[in-house]
Structures are given as C-alpha cells and as structure tokens.
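I'd like to ask you about the structure that follows.
Labels A, B, C and D are assigned to the chains in the order they are written; within every chain, residues are numbered from 1.
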Amino acid sequence: MIDVVYFAWVRERIGLPKERLDTTSATVRELVTELRAREDRYEAAFADLSALRVAVDQELTDFDAPLAGVREVAFFPPMTGG
Amino acid sequence: MIDVVYFAWVRERIGLPKERLDTTSATVRELVTELRAREDRYEAAFADLSALRVAVDQELTDFDAPLAGVREVAFFPPMTGG
Amino acid sequence: MAVRVQDKDFDLGAEVAAFCRGRADMGAIVTFTGVVRDVGGGLKHMLIEHYPAMTQAAIEKIEAEAVQRWSLGDSLIIHRFGALEPGDRIMMVATAAPHRADAFQAAEFLMDYLKSRAPFWKKEVTDTGESWVSAKDEDEDALNRW
Amino acid sequence: MAVRVQDKDFDLGAEVAAFCRGRADMGAIVTFTGVVRDVGGGLKHMLIEHYPAMTQAAIEKIEAEAVQRWSLGDSLIIHRFGALEPGDRIMMVATAAPHRADAFQAAEFLMDYLKSRAPFWKKEVTDTGESWVSAKDEDEDALNRW
C-alpha cells in the first residue's frame, strides 16, 4: 500500500488531496500510467508530465524513481514559494 | 580666501580640522605643494598623495582640479563607510 | 539556524534583533521580505498551500547548503501559508555573516531555491475568479548561477 | 527615498514597516544592516567621523544613481556617526522593488558605493591603542562590477 498525495491544481483536478493505493507499479511513471487509465480526472491531471513534479517519501525526484519500499508519492505543479 | 578642511588621520597629522587660507594656487596640486612647504606636519600629511582623496566644494575630484571660484577644499584618506 | 513554517505573521525587527543579540562577530545582516503584490488591482487574497510533511525538511536542506557554501554566523527562514491579503508579508530570510558579500550571496541563494524548490503553491483569488500562480522560467534559470 | 545621517540608533523593524506601509505594489524588500565587529576581542569602541557638509548630498547622489538603474519603489539609507560599541548597528540600507532581483542588486550597489564613496572614516579604539580602519582594495574593486 502506498499513499498518493496531490497539491495545487493537481489536487483540484483529481478532486481529492490524498488516497491510499494498492499498486504493483515498479516506478512513478508506471504509477502515473495506472492512474491515467482509471478515470478522466486523472487523465486531465497527468496529461502533461512536463508540467508536473514528483516527490517520493518527501524528497524531490523524477518519474523514473522506483517505488519499492516507498510509503508516499506526491504529485504537484512546479513550486512557487518565496 | 579658501576653507581647507581635514578628516581622519589627515586632520590628526596636521593638528587641526579646518583653516582659512589666502592662496594663489591654481589647482589642488599646487595648493598641496604650497602646504607641504609650510611645516613638517603638512609634509607628513601630504607625503603620499596616492593615500589621499580630495573634495572640492563637497564633490569628490582629483588633484588637478582648478581652484578658481572654489570655497572649500577637503583632504582625507580613502573613505570607509558602510 | 532556524526554519519556521507558520500561518501567523512575523515581526521583521524582532526576528532580526533576537537573531543577532549579543553577537559582535557578525558585521553584516541581510534580510529579504516577500510581500503579497496586487498587480492588477483586483486581488482579494492569495492562498498559499504547502506540503506539511515535506516543507520544513526541504527548507532545512536548502539552508544547510547555504551554510556549507558561505561563511555564515546565523540564518533564519520564515515562510507563511494560508490566506494572505495584498501588502501582507509572505516570508522572510535573514543571514548574518562577518562580511557583506557572504550575507548577500547566501540570502540570494536561499531566495532562489525557496522560489523553486520549497513545496509551496500560490493561488490568486480576484474579483473575477481564481488562478494558480505559474512558476517562471526565469526562476528556474536563476538556479543555474549557483 | 530617504537618507538620514545621525548619531542615534535606529530600529530596523520600525523603519521597514514605515517605509512600505500601505503599499501592495512592492513584492520584495531587502535590507542590509552593518554592525560593529570586534574581531580581535579588545575593541572598546569605534569612532565614526564624517564630513557633515558633504555626507547627506553624497549619499543622496548614490541613492539617485540606484533609482535610475533599477526599478525601485522606495529606498532608505541611515548611517550613524560618533562612538559605537561592539554589536552596535552602524548603518542600514533598505530597498523595495516589485521583484527580488532589483531589490537585491540595488542594495548591493548602495552598499558598495557607501563603503568607498560616502565620506565616513572609522577609527578603532582598543585596549592597546587606536588606529584608523584602512580602505580595502576589494572594496574599491567591488565598484567595477556596476
């Protein structure tokens, strides 16, 4: 089981801030493919991966990151702090 | 008549902050030569012109600045503000 | 070294005073304060969302990098979240160093990284609607200078 | 835009608050505060001498140059003179701009020029004697980047 969290417009498009998934995806990219196949709202959120960033267990990483042993994956747009 | 003012170690070497002079010097450099000839304390203050800065009527300038119409000349070491 | 992520406001003067009290080895203190701008004139408020499980650690990592690169005596980063109005303070950075070049450079570095690597997202709510603030290419490019 | 040359202390927080009160067009405020350092451990006080007839105008000229070069909404420069103790504030600069790059660059420019072009001279009085602070080559060199 893995926690998947969403922020900003990713959260709004998917319509929830967090969900718990049972997945066999080996990488973040496979997880994205799995989510896009589920419903239109995921397809809308993940249509353009270049507009998204990902963190695995609260560390920024890329879409090729492996999911073995991971507890939390977060998807969000580029950050706008400061 | 011209006011000549001194700051920092120039003031200390010459032993006074300000004096009024009747001079026929045409430039700052000539005024310095005139002052150096007066007494050892001026010679000590003006021995190394590269260690000095000059302002004429409160504007930074160089030793070739003309003195015609000038009311105040200031001599001091490089500034250390901030 | 301190990082605070909070919804409440902060007092720049009090923070800087507390930060360097009793120290006579730091000749230079630089601060940056970010303020909510109302560019178009119709901004009602700005909503700042963040990733609570990640934010503190992400900022501490950026701060640790600055401490490693420059000779800093102290640093402080405060970033707010929640609903802010035009003119409200969003965040501040303060750096103290023996000399001004280190204090300035570390503050600029911290700001560049906070802009693009700290997990905050801003949404503007105006009279006519709401929209997420887009990351700027120039903010991403700014990281290349470090 | 303001320049103050004074012997009394200043309150950074109050100055910055007054400076930007009610403005929602300035997203970035940068401050620099210079503090008396006691490097060797024996500093009793620092005496700051200036050229009263010239100081205010010389600083205003530097400030006007900064305003011409960068997009600044406001700026403030306060410089003290007289006898200061280790840890005392010597001076401050504050800049407000729509964007952070202008605020940072203008503050650094102001500091570089104040260091070498504002008519102040510092003397350190220690347990063992007194000496005038020498201008550093690196401070003169810093002007070349602008």
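By definition in this document, a residue touches a chain if its C-beta (ideal position, glycine included) is under 8 Å from a C-beta of that chain, and two chains touch if they have at least 3 such contacts.
If you're wondering where the values come from, they're calculated on a predicted model, not measured in any experiment.
Between the contact lists of subunit B and subunit C, the overlap consists of D.
Centroid analysis (C-alpha atoms only) places A farthest from subunit D. Centroid to centroid, with C-alpha atoms defining each point, subunit A and subunit D lie 48 Å apart.
The distance from the centre of subunit B to the centre of subunit D, each centre being the mean of the chain's C-alpha atoms, comes to 26 Å.
For the pair subunit C and subunit D, the distance between C-alpha centroids works out to 23 Å. Contacts with at least two other chains are made by residues 34, 100, 111 of subunit C. Contact of a single residue of subunit B with at least two other chains is seen at positions 82. Taken in their complex, subunit C has these residues touching subunit D: 11-14, 16-17, 20, 22-39, 43, 86-87, 98, 100, 103-104, 107-108, 111.
Against subunit A, the residues of subunit C that register as touching in their complex are 34, 49-51, 53-54, 57-58, 79, 90-91, 111, 114-123, 132-135, 140. Subunit A makes touch with subunit C in their complex at residues 5, 7-9, 55, 58-60, 72, 74, 76-82.
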